[in-house]
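Report on the following structure.
By written order: A, B, C, D and E. Residues from 1 in each chain.
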Amino acid sequence: MAKLLEIDKVRAGYDAINVLWDISLTAEEGKLTCILGPNGGGKTTLMRAIMGLIPLRQGAIRFGGKDISNVPTWNLVADGLTMIPEGRMIFRDMTVEDNLLIGGFTRRCRANARANLEMAYSTFPRLKERRHQLASSLSGGEAQMLAMGRGLMEEPKLILVDEPSLGLSPLLTDEVMAILEQLKAQGRTIILVEQNTHKALKIADHVYLVRGGKVVLSERKEDVDMDRLHDLYFARDVAANRQDA
Amino acid sequence: MMKYLSLIIILAGAYLAVPLQFGGNDYVIGIVVSALTIAGIAVAWAMLGNLGGMISFGHSAFFGVGAYGSALLAMNAGLPVFPSILAGGVIAGVVSILTMPTLRLRGPYFALAMLAFAEIFRILAIEMRWLTNGSGGLLSIPRLPTVFGFDFGSRLGGYFVVLTLVLLTVFVYWLIRNRPEGLALRAMHDSEDATLVVGVNATRLKAAVLVVSAFLTGIMGAFNAHYINFLEPDYAFNGSWTTLAIVAAIFGGYKTLWGPVAGALIVYLVDQFVFKAIMPSGHQLILGGLLAAIVIFSPSGLLPWLASRFRKEAGDAAHP
Amino acid sequence: MFDLVAQSVFSGLLAGAYYALIALGLALVFGTMRIINLAHGELVLLAGYIAYTAESRFGLDPLAALPAAIIIVALTSVIIYLLLTRIRVDREINSLILTFGIAIMLTNGILMIWSADIRSTTSGWYLDSIIIGDTLFAMNTEILFAVIGVLVVGAVWWWLSKSWYGRALRAVSSNRDAAKLMGIDPRTTEILSFAVAGLLASIAGIALYSGKVIEPSLGHSLTIKAFIITVLAGLGSVPGVLIGAVLIGVAESLTATLWSSALQGLVSMLLFLIVLLVMPSGLFGRTRRRG
Amino acid sequence: DELIIGSQIPLTGSAARAGMGMNEGIQVAAKVFNETNGKHTVKVITIDDESQPAKAVAAIEQLNAQGALAFTGGYGSNIIGPASDAAERLGKVYMTSGGVATELSQRGLKTFFRISNATGYAKALAGLSDTLDLQSFSLIYSTRESTAEVAKLLEEIWTAEGKKVTLHPFDPSIADFKPVLHKIKLQDRPEAIAMVGYENDYVGIIRAAKVLKPDAKAIMGTWSLATPKMWQDFPDLMNNVYGTAPLPYPAQFNTPEEQTFAEAYKEMHNKEPDYLGIFGYVQGLLLFNAVAEAYDAGTLNSGGVQDALRKTEHDTLIGKVIFDESGDNTNFAHRMAQHQDGAVAIVWPKESATAEARFPAVPW
Amino acid sequence: MLLTLDHVTVAFGGLVAVSDVSFSVSEHEVLGLVGPNGAGKTTLFNAISGLARPSKGKMTFCGHDLTGIPIHKRARIGIGRAFQVPQPMHELTVRENLIVAQHFGTGHSNPGKIDEILDLTRLGHKANRDAASSLALTEQKALEVGKALATNPRMLMLDEVLAGLETNGKRAFMQTLDDARQRFGVALLMVEHDIETISNTCQRVLVLNFGKLIADGSPEEVFRNPEVIRSYTGGETA
């Protein structure tokens, strides 16, 4: 299988602090790559670095073989690489419908915008009920749906999804996982960050565990040993919980 | 310790060195007094802006009310000048209660509501001829008195008074800032709900800084009335009292204690002494350029910029 | 009495449309970028002076100066934007100083180039009176720019709410990073918006020159007026600009008719305050959900 | 010897327009003085007061520090007030024509002098209306200090004469005068419309009047109106409008003094002198002569300049100037002129008239 | 009873977000509040803490009728609130956030307790350095809890503070919350979408759907309710 995205010894962070330490990871075309890891491990930061929202301090990222380390975010999106961020990153001052429509901003998708809009509405009927409401009035879960629906407007080749189940009811979490599986079936490549290990593993092809800004485990889904995974999580928790003991 | 030392040096310089050096030159002292007047408003403005998160475009309202209040008390009620300056501040503080409905407004809404008040006061000052003599204004307002043989009505006397007022203003700001109330006020900025749910009575705190800020601005206005001995609505409520103070405060760093003072002194003095010498009319062209340049190079204001430069140089020296 | 009030309301409506033209550019930039362009009035004024030069030097009709005005003013506006982007910290506040500095430079620049004399059009047509139904009087220019004003408000409203770039602009202002993730280049859209603001200022400048009197120190009061209307409208609301402007225009004119011109400012400011106290986010402003 | 004179004048800010005009006159006065005096020369140091009172005070103090023997300039009563206070404190003469408010000369200052005052302006308008036998007026005036004052004086005079006056004050920021004019047209129906304001106000008012065409017989105003410049810039608005003016246009310079002035002015500024230029010239020359006289007498520091100004009558371009105790020119009387197809014709008082008044006549 | 709601309704224009809801909370109780997205849980919290005004109904807390009591006073009588979308006091450091909460919520300051809360929320290492706005999402949620605790509440309303935590983190956090509850004697009213956590920690669970209270009972009971399964869990159990 072709490697659609290759991350090669990347370092990145915020002003004074570095978060990612020489992280390397690949995503194969048409597969769902799942990134797990404890909180504050740098998963979101990694996604932001891939998308060019924060600069790389070292290392390189290739998309379809092409170096994209310094390509601005909007050009990446035009090339079919996209990220569905957490629900707080919706356009709060715009209506739900405008939020969705702007998801289809790239020239590639403009023609299909109306059709995609209907698709998003049929996936999340709740959004249709709220279409003329300001996004800021949505509940936490509704905002999460909006972020997801907006991402679906973009027709990307590779989607990075950051904790899509955050704040969603169990029923909707299942729904979202089903959507991701469907996208995979359409041949799209997905990188999924998820805390709901259980549900994520069900649809994953490959698993990475990121902790402290480093990859500590990289395995095909079939090879994942749940106990070992837990131990790797714990490694940090044990240290952090010293005081409680 | 270093901090106190530099404060003492600055104070000594302000009270001793400046008068010794320039005391005889009314022109220089006069300009410095104008700059300090702006500085006083700037500090009072920054107090409201930084602590309350309330950017006001209408501080000239309080300046004008303080000025008229004090001038009228001194002229019509025969109040001695120093008490009437204090009373001018109190009147401005009381009048600020009228503006309190605006406290529920945010950001630009608040800013412009205050501007509206300033404009309303200006027009009232024109129309209430029986009290203010309308657009004719007040001439020959009593000067600052002579106390113990020292003539506060002289330029130098005015300098000592305004300097003291500015320092007191900074002191009040400092007092408020270091209390939990100050923290809460700073927090209210963009997270008012967050402060409310932990028990902060946001409205009351904001009202309190508004009154204090108005009082201090009113005092500066009152001082100015007795210093320049003249008032008219367009002058007392002139928008430039607000604009200059805002420019000075942001320029110097409005989130710092001394930034507004430094900003006012630098903007005013450099403009009047340097730029005006280079370009006698239209020197504001250069001033405009300077303002634009500084924000571009040092967005958090001059003082923080100088501080970081200083630190950097000290650092460079330590590790050659 | 009826004639008096009718004419007064009519004048107020025309004044309102003109105010809307003045305010629209500022409202656009403020509504979408939270940047108060304190040099907006000076941009309007600059366009007025360009029209003056075109008319007095080359005998051109004021409207014929529009293309030149647009090029120069839009370019100036874009330069202001490019300078603004150099501010890294606290842009909303610091932009005040930057644009204030630019406003001072423009005022003094205009003073040096065109001197302090008052200027206004000498083209007869603009000032000729037009009488509607024997009772309503106006100058041609007022009617012309009222119509243009309404059209322009409509166009800008459509652009912002329905076009791809308008939507993108709002997205950028709402959440910059998220907008990038939608494939939007924030700089391009913002440059576009400043250019459009410049265009709007140009139209306003021609309206100003052909109906009123210009002088170099006028810019500041134009900015204030524009800002008052923008806030009254509710930040970001384009229809609100028209309605707010008309409200102020009619209030001023009725005050002058029924009371006294000296109190125009008082009444319009009181009206402004009352509206804000009843609707703290302006006529068409939106409140955010809490919690 | 070279005598230093300080000139504090608004060259920028809201009063820049008038300040520049006055400054031109003062410069001409200096040139003429230097070319004709023979004994002394003056050096005029000019400081821009930016149309702000505090900066005007600073300007006076700075000029003093630079050795000025006396001060001139100033425009706007609100700025002249504190500036002349500062001059008084320094014990040096302050001479102006730019502040007409009556109060300025009621402060009991020793060193304050001015050649013009509100009364003179009001009298001129009232005088013309008597001659034209006008009985009812609508008086439109700016709420600024000097304008409001002239309006008040006019109201007093006219009411005392048993004439009907309706007042229409307006805020200086107003640009649309249609509502006011409409009220005048429908309610007041006056014989004449009188305006006290500044150029931009006049233009706005007359434009509104042209649109609404009220049924008046005459329209008149005060300063800055009957000037060649206004005709040049707004020919379609100005015809038949009356305003105060010291000299007609095209100027008929009869006396040698008038001729010297006109030539010098043309040479320096390449245009026809306007009234501010004339006032600036007169106030400048009066002051220079007085300073020179005191200098010769060695009484510069003992009130010599004041005495020189006060003791005699002065023949000037604007007629005889006589200063009273408070420094006011008691002889100040303005003339009224009318725009007549490009000419500015003096029509009142009779003895200086250069043409018949066109009456009834309005621009619309 | 600590808190009693009596037929409370909250509407936004035509949209009824909370509809005729009645229940009560007793001292030291741990109560779960669940329901589909947009069911009105956060709105209900808003009504209790004063950020939204009910159009109908009555609420009492510790004997105080809450009608007309302003937000800040509700905090002072013991209602603590952690926001779903964290609202740190942006410009202040973590410690300053807590100082403000304590000073105004309790009327006095007690630095010892602040240190205790910093420990509890594991924010000690970030207490003095950065502005609160630079915290990661999960840290901001911890700070939400910390601020609420600092006001010395009698009842703590937690709006999805565990969301985004991985399983172990959740467990640990719940543990500390339970510690806090016992140490400071507070009742917990918590919104959470994780059925396992709810089942393990709550004695009683309320279920909202379309603004209406559709179930109130023990976790076992509630999660067996067919209406709850259909609208919310989809059959998932702990």
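What we mean here is this: a residue touches a chain if its C-beta (ideal position, glycine included) is under 8 Å from a C-beta of that chain, and two chains touch if they have at least 3 such contacts.
Quantities reported herein were computed from a predicted structural model and do not represent experimental measurements.
Undergrad: I need the common contact partners of subunit B and subunit C, sorted by label.
TA: Chains touching both subunit B and subunit C: D, E.
Undergrad: When every step has to jump to a touching chain, what is the lowest number of steps that links subunit C to subunit E?
TA: The least step count works out to 1.
Undergrad: Tell me, please, which chain's centre (mean of its C-alpha atoms) is farthest from the centre of subunit C?
TA: It is E.
Undergrad: Compute the centre of every chain as the mean of its C-alpha atoms, then state which one is farthest from the centre of subunit B.
TA: Farthest by centroid: A.
Undergrad: For subunit A versus subunit D, what separation do you get between their C-alpha means, in angstrom?
TA: Measuring from centre to centre gives 76 Å for this pair.
Undergrad: For subunit A and subunit B, what's the span in angstrom between their mean Cα positions?
TA: 51
Undergrad: Can you work out the whole-Å distance between the CA centroids of subunit B and subunit D?
TA: Distance between chain centres: 37 Å.
Undergrad: Mind pulling the residue numbers of subunit B that touch at least two other chains?
TA: Answer for subunit B, listing residues that touch two or more other chains: 123, 126, 193, 282, 284.
Undergrad: Which parts of subunit A, given as residue numbers and ranges, touch two or more other chains?
TA: 137
Undergrad: Touching two or more other chains, which residues of subunit C qualify?
TA: Residues 108, 111, 262-263, 265, 290-291 of subunit C each touch two or more of the other chains.
Undergrad: Pairs of chains that touch, anyone?
TA: Taking the chains two at a time, the touching pairs are A-C, A-E, B-C, B-D, B-E, C-D, C-E.
Undergrad: Please give the residue numbers of subunit D that touch subunit C in the complex, ascending.
TA: My answer: residues 12-14, 16-17, 19-20, 143, 168-171, 173-180, 182-183, 186-187, 199-200, 203-204, 207, 210-213, 229, 233-236.
Undergrad: What does subunit E use to touch subunit B in their complex?
TA: Listed in rising order, the residues are 49-51, 70-76, 80-81, 83, 87-92, 96-97, 99-101, 103-106, 109, 147-148, 150-151.
Undergrad: Mind pulling up the subunit C residues that touch subunit D in the complex?
TA: The contact residues of subunit C facing subunit D are 3-4, 7-8, 11-12, 15, 108, 111, 115-120, 122, 124, 127, 129, 137-139, 212-213, 215-217, 221, 252-254, 256-257, 260-265.
Undergrad: Note which residues of subunit B are touching subunit D in the complex, please.
TA: Residue list for subunit B touching subunit D: 25-27, 30-31, 34, 123, 126, 134-137, 139-140, 155, 228-230, 232, 234-235, 240, 272, 276, 280-282, 284.
Undergrad: Quick check on the complex: what are the subunit E residues that touch subunit A?
TA: Counting only subunit E, the residues touching subunit A are 12, 35-39, 41-43, 84-85, 119, 122, 134, 136-139, 159-160, 163-169, 172, 175-176, 193, 195, 231-234, 236.
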